[in-house]
Amino acid sequence: MDPMIRLILAQGMLGLNNGVFYAMLSLGLAVIFGLLNVVNFAHGALYMLGAFLALILYSNLGPWLGIDALHIGFWPALVLAPLMVAAFGMLIERFLLRRLYKLDPIYSLLLTFGITLVLQGVFINFFNASGTPYPGMPDSLKGVVNLGFMMFPKYRLFVIVFSIIVCFGTWFIIERTHIGARLRAGTENPELVKAFGINVPLMVMLTFGFGTGLAGLAGVLAAPIYSVSPLMGANLIIVIFAVVVIGGMGSILGAVVTGFSLGLIEGITKVFYAPASNTVIFLLMVIVLLVRPQGLFGKHG
Amino acid sequence: MQGLAWAVLLAAVLIAPAFLYPVFAMQLLCFALFAAAFNLLIGFTGLLSFGHAAFFGGAAYIAGHVIKVWGFPPILGILAGTVFAAALGWLVGMLAIRRQGIYFAMITLALAQIVYFFALQMPFTGGEDGLQGIPRGHLLGVIDLSQPLNMYYFVAAVFLIGFAVIYRVVHSPFGQVLQAIRENEPRALSLGYNVDRFKLLAFVLSAGLAGLAGSTKALVFQFASLTDAHWQMSGEVILMTLLGGMGTIFGPVVGAVIVVALQHMLSGIGSWVQVVIGGTFIACVLLFRRGIVGEIARMLKVGGWL
Amino acid sequence: QDAISDGVVKIGVLGDMSGVYSTGFSGKGAVDAVKMAVRDFGGTVLGKPIEVISADHQNKADVGSATARQWIDQDHVDMIADLTNSAVALAVQQLASEKHTLTFATGAATSALTGKECTNYGIHYGYDTHALPVGTATAVVKNGGDSWYFITADYAFGHALQDNTASVVETLGGSVVGSSDVPLATTDFSSYLLQAQSSGAKVIGLANAGQDTVNAIKQAHEFGIVEGGQQLAGMLVLISDVKSLGTDVAKGLQFTSGWYWNQDDASRKWKEEYEKFSGGEAPTFPHAADYSLTMAYLKAIEAAGTDDPDKVRAELGKMKIDDFFAKGGTIRPDGLLEHDMYLLKVKDGGTDPWDVADVVRTIPGNEAYASLADGGCPLVNN
Amino acid sequence: MSTQTLTKPMLKIEGLHAWYGESHVLHGINLELAEGQLITLLGRNGAGRSTTLRSIMGMVDRREGSILINREEFITKPAHRISPDARIGFCPEERGIFASLSVEENLMLPPTVGENAMSVEELFEMFPNLANVRKRMGTRLSGGEQQMLAIARILRTGARLLLLDEITEGLAPVIVKTLGRVIRDLKSRGYTIVLVEQNFRFAAPLADRHYVIEHGEVIDVIEAAEVEASMDRLNHYLSV
Amino acid sequence: MSDTILEARNLTKSFGGFVAVNGVDLSIARGAIHAIIGPNGAGKTTMFNLLTKFITPTSGEILFNGNDITRRKPAEIANMGIVRSFQISAVFPHLTALENVRLSLQKSLGVSYQFWRSTKVLHDLDAQAIARLDQVGLADYAHLKAVELPYGRKRALEIATTLGLEPELMLLDEPTQGMGTEDVGAVTELIGRVREGRTIVMVEHNLGVVAELADTITVLARGEVLAEGTYDQVSKNPAVMEAYMGVSAEEQEAGA
């Protein structure tokens, strides 16, 4: 195979791998924005929280409890950590965000920004800023797969497949089921949905929990790939915002598709002009703003 | 009331070096000007920019480069930084104004990130190293700015001029229209005001003044660095303004002083500073959205803006 | 006027307390080393107390320089040590020199500190980017690794290390086929490694340090790059990095160090003492350097009879630095401590948990470091 | 103004005040009706009739007074408990068809609140037009279809008390006639109904009693039997 | 100049498939008060938004004094002399009544972009603003913030502000909506007074007001023009009686 093509394919795979996180996070952001009209700045921090919970469950919980042999591994963490993040998210919604719904949405943006700083600060203090490797990758996912054009770690392949399933599962639930119908109706006209006897505040809280849970899940998936670091979400969230501006926040599928594609584009940019890979998503955002300000999947107006 | 506030401010600025470490006092002034410039946008136009660090930090690099490498005198360097920030503001504003509300905030944040990456990768900025050793030089060729007091009064003058400009903008026919736009945008439009152009001009002014603050800071610390262009800086200036009182004249100054002093006092506790800052944010949003000066103005029932 | 300004000798340890360099180069370990030296010196000099303060520069040159400015102006700090991170070190050294204050950089590596950015008050103590590749790159090229691709930390240190290594490689007849600049504290090196892989270079040179190096090496294994036949060369590796990689992954890796605890009895003894002092942490070579420089500084004050920076600096230039850390060391007029360096090779199954390498070669100081004339310090040429 | 007190009112509203933000819209509404009855709320645009229904459903910013349904006080209940606990079905003025939901999803949206809910099949029988468009998105429906869907939607829940706001609004006469038949049919099945109508001709033959509302107050109550005699008064109230 | 000041030809607006305004032709005579009525959702507000360029028509064109303004921006339209009021009250709540009116007068001064000048330059306009306020009976409230005015007075303030632009054509959306009878009378009288020298188009549910003020009435229903004419003509039109007043043909016959 031509080395150039090989490199493009390989960087494309890595890009897709990053796209997983763009997709999952912008998906969660879109779910939350769709129902609450809240832009959750803390989404990146909750992703970080998910990764840290996985780390803590594996490395720190045992020593804290005085049982040194206790390591809660990757698989249980994949369930537990997102649930814990979701619970934390619901607390935020219930006790903080809920007071701001009647105000300009910039206040909820600022509130979640504050939460981001607090979470980051706390984790920088207890772990250091540079990141800790996650040691709990399951043996079954260790090793590499030969894709023909590159050796690709099994684990990363698992992450790609798993997250595609999660994203489309979420899309299916929201767009194609009874629950989804209620959520969509709640977005359109919460007052009326309430009058039909549906507990909209509860639904809102659960949805926020779900969206943040997705962030937590992405965090757990990220832990074995990247070092677990307090700042891992901070830089990501800005990229996610650009993804969301490009895709438009109105659509679930739009968020997912935009996320994966931008990961891919970013990866391939590395082949041709590596210094631009940091900015390519932002530059695309500029182009989209000029050509189609409402975003690729956004509704007009 | 406003006269009194002006007098207090002026007195405080003049005697500060007697009580404060001059570099710290200069830092306060730079951030106060930055926050006041930012407030021009959020407080008086209703636009939340989450990317003001780009103007602050970008101007610092330009001023630093112009002074250090091209050997320009300090005033011209500061001017260059300011003009650059205003031009950058025009570009960013043009794009961001295409979307409203929360999107506006996200777009400014993302655009500022482009500036950040430029600062990281352009050779002249020194990347992570920053632009170091910017000479303070001589003011008008005579006053030696490496003397702390000289430098202080120079910075104080820049601050007062910048602040007066902001005051004037707010209390100008233009400011009147801005306020109308903030209060009821569709109505302003129906009265025939080209709302987008007013917003853009406000954005440019705010960016330029933020650049003035950034350039001055570069000269004070003899340093332009990524910190100044980082999104966290954008967040800090929002906090200063929110804490002091959005849409008040003196609020951002008060907010900036508190935040900078807080960071200074708490520098011993490491990253807990971030927790404190974040907590302050949450408290402001939940408990006193009017900010300190806003609350005082309400309690004293002073008409107009303090 | 008092011999000791303000009646106290204040040493400021300005290091990376929370970032990528906080675990091996700097951090609490460095502060402990300085404090231990003060204790061992007796706690006072010329009858005046010695005080140690510390701060985190967060790897930001502006934070570092603002802290240093305030330390000097307000807190009357007499000497600033550690300065891990070359960007911070360059900024602080310049500022401190304007204010006539001594700085001792240990963790920082860039040879510019005593090269074109040298000052009358800045001392570089331990190693530099010139000394590192002399051992490692030479050994690698001589083993047939003659085409290199660099993965470089994108700031002063990384670039200096890459430049110095490249010139060693090229002098020996090798070639550099490409490089990627990587931001500090990157966690995913996979795309850079792939670029390196597709470049076809025989050697991937890691011009970075600390956690960055560890991550890069780990991921190179993850993507089967080493199995693919390319060799990794870490230009700046600490034994703590080897520990966190695991000797099974790192086995055979060669790297250059300014000191190794298991090189002689004096070093072994010092390591034991240090472990006691710091609560079980093994020292890295920058920590040993922090101890050594504190001792040297205090001795120089004693010898000069004052803490006046000019006099102390003159005294330091006259002293022979010869302790467990530095063998045959001298502090040159450009500020560089010239001393012997060591080429280490990672081994499996040592006797002590920290016994991870063998010294395979001692590189004499004058071979490791650029000569005073070649160093490029403008102060020297004048 | 004739007022009588029912011995067993199903719905009894007393001194109901309501506000939208700062603006005080209802100034003490009193009304009542027994099981199986149908009343209308008449009045000009903006009189506060819709607001009365919305207040019952807990959809206004602030309410005061008393809303008794089967002797239970509902004014303090959270909005989402009102429909299930009182078995109310509410059909809002603006129809409230969800644009992003299909006809079937719209139909299935409100949770069931009582046993004798009509089945979907039954409803499609009642509104054959809807059966043809069951997969269509809410927005694509014609005004008449939307209105039928809005009524069908609450019948599916098993509610016994129906609050219907301007259901004939903007509909072609032929559909209005259909609706007239449906309402009569529902009444005969024992549903209790509050009807807000501008179309008095539509409402008159169905109602047991008419409440005339003006400026947020009940200014007159006219029993079905008195309508003929009170035509002048009515014309005055509703004069266009 | 022709007698027609504003003309809409085959104006259509659909919202994602739903046609709110459907092929409407409308012609407004200069100097007239022209009312648009119709049932809720008939498309009146949509029509209004189309005429004032707040939304863009799907098809059709709009002519103002013979010029095609279909693609013009709202601010341009305002500067050409078409000014609207809103269904919800549209004042600048935290500005004083005086400042509200001054904002419309300020345009003529051409200083609106001058951020370097003091607001003092605007004080020259105060007398003129007070005169406007006086015209709508608000002179005593000049220094009160708009938010503190009672509802009806806000409406009056809005009209005073609109008048500040000396509009050739004024579009009022339900000017009496939400007012007590007293206010309705006052506003009706006010409109009668300010009609001198200008054309007014209004959307209004209150037929009393329409009957008193309007020279021509267009009845919209389901996005289409159902009838047009004077109050007497329209109110006797069977289609109108049916669609708007809810009187069926048989009943009309029976009633006749």
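In this document, chain identifiers A, B, C, D and E correspond to the written order of the chains, with residue numbering beginning at 1 in each.
Note that in this section a contact is a pair of C-beta atoms (placed from the backbone, for glycine too) under 8 Å apart; a residue touches a chain by one contact, two chains touch by 3 or more.
By chain, with names taken from UniProt: A, B = Branched-chain amino acid ABC transporter permease; D, E = ABC transporter ATP-binding protein.
Nothing here was measured: the structure is a model prediction, and the numbers come from that model.
Counting hops only between chains that touch, subunit B reaches subunit C in a minimum of 1.
The chains in contact with subunit A and with subunit B alike are C.
Chain centres here are C-alpha means, and the one lying farthest from subunit B is D. Greatest centre-to-centre distance from subunit E is found for C, with centres as Cα means.
Chain centres here are Cα means. That of subunit A falls 38 Å from that of subunit C. Centre-to-centre, using mean CA coordinates, subunit C is 77 Å away from subunit E. With centres defined as mean CA coordinates, subunit E is found 33 Å away from subunit D. Taking each chain's centre as the mean of its C-alpha atoms, subunit C lies 81 Å from subunit D. Annotation for subunit C: residues 18 touch two or more other chains. Annotation for subunit D: residues touching 2 or more other chains are 99. The touching residues of subunit A, when paired with subunit B in their complex, are 39, 96, 99-100, 103-107, 109-111, 113-122, 124-125, 129, 234, 238-239, 241-242, 244-245, 275, 278-279, 282-283, 285-286, 289-290, 293-294. Subunit A contributes residues 178, 181-182, 184-185, 187-189, 191-201 to its touches with subunit D in the complex. Those residues of subunit A whose C-beta lies close enough to touch subunit C in the complex are 3, 6-7, 10-11, 14, 18, 124, 128-131, 133, 144, 150-153, 225-227, 229, 231-232, 267, 270-271, 274-275, 277.
Subunit B contributes residues 168-169, 171-177, 179-180, 183-184, 186-195, 197-198, 201, 205 to its touches with subunit E in the complex. Those residues of subunit C that touch subunit B in the shared complex are 17-18, 55-56, 59-63, 65-67, 69-70, 73-74, 86-87, 90-91, 94-95, 154-156, 183-184.
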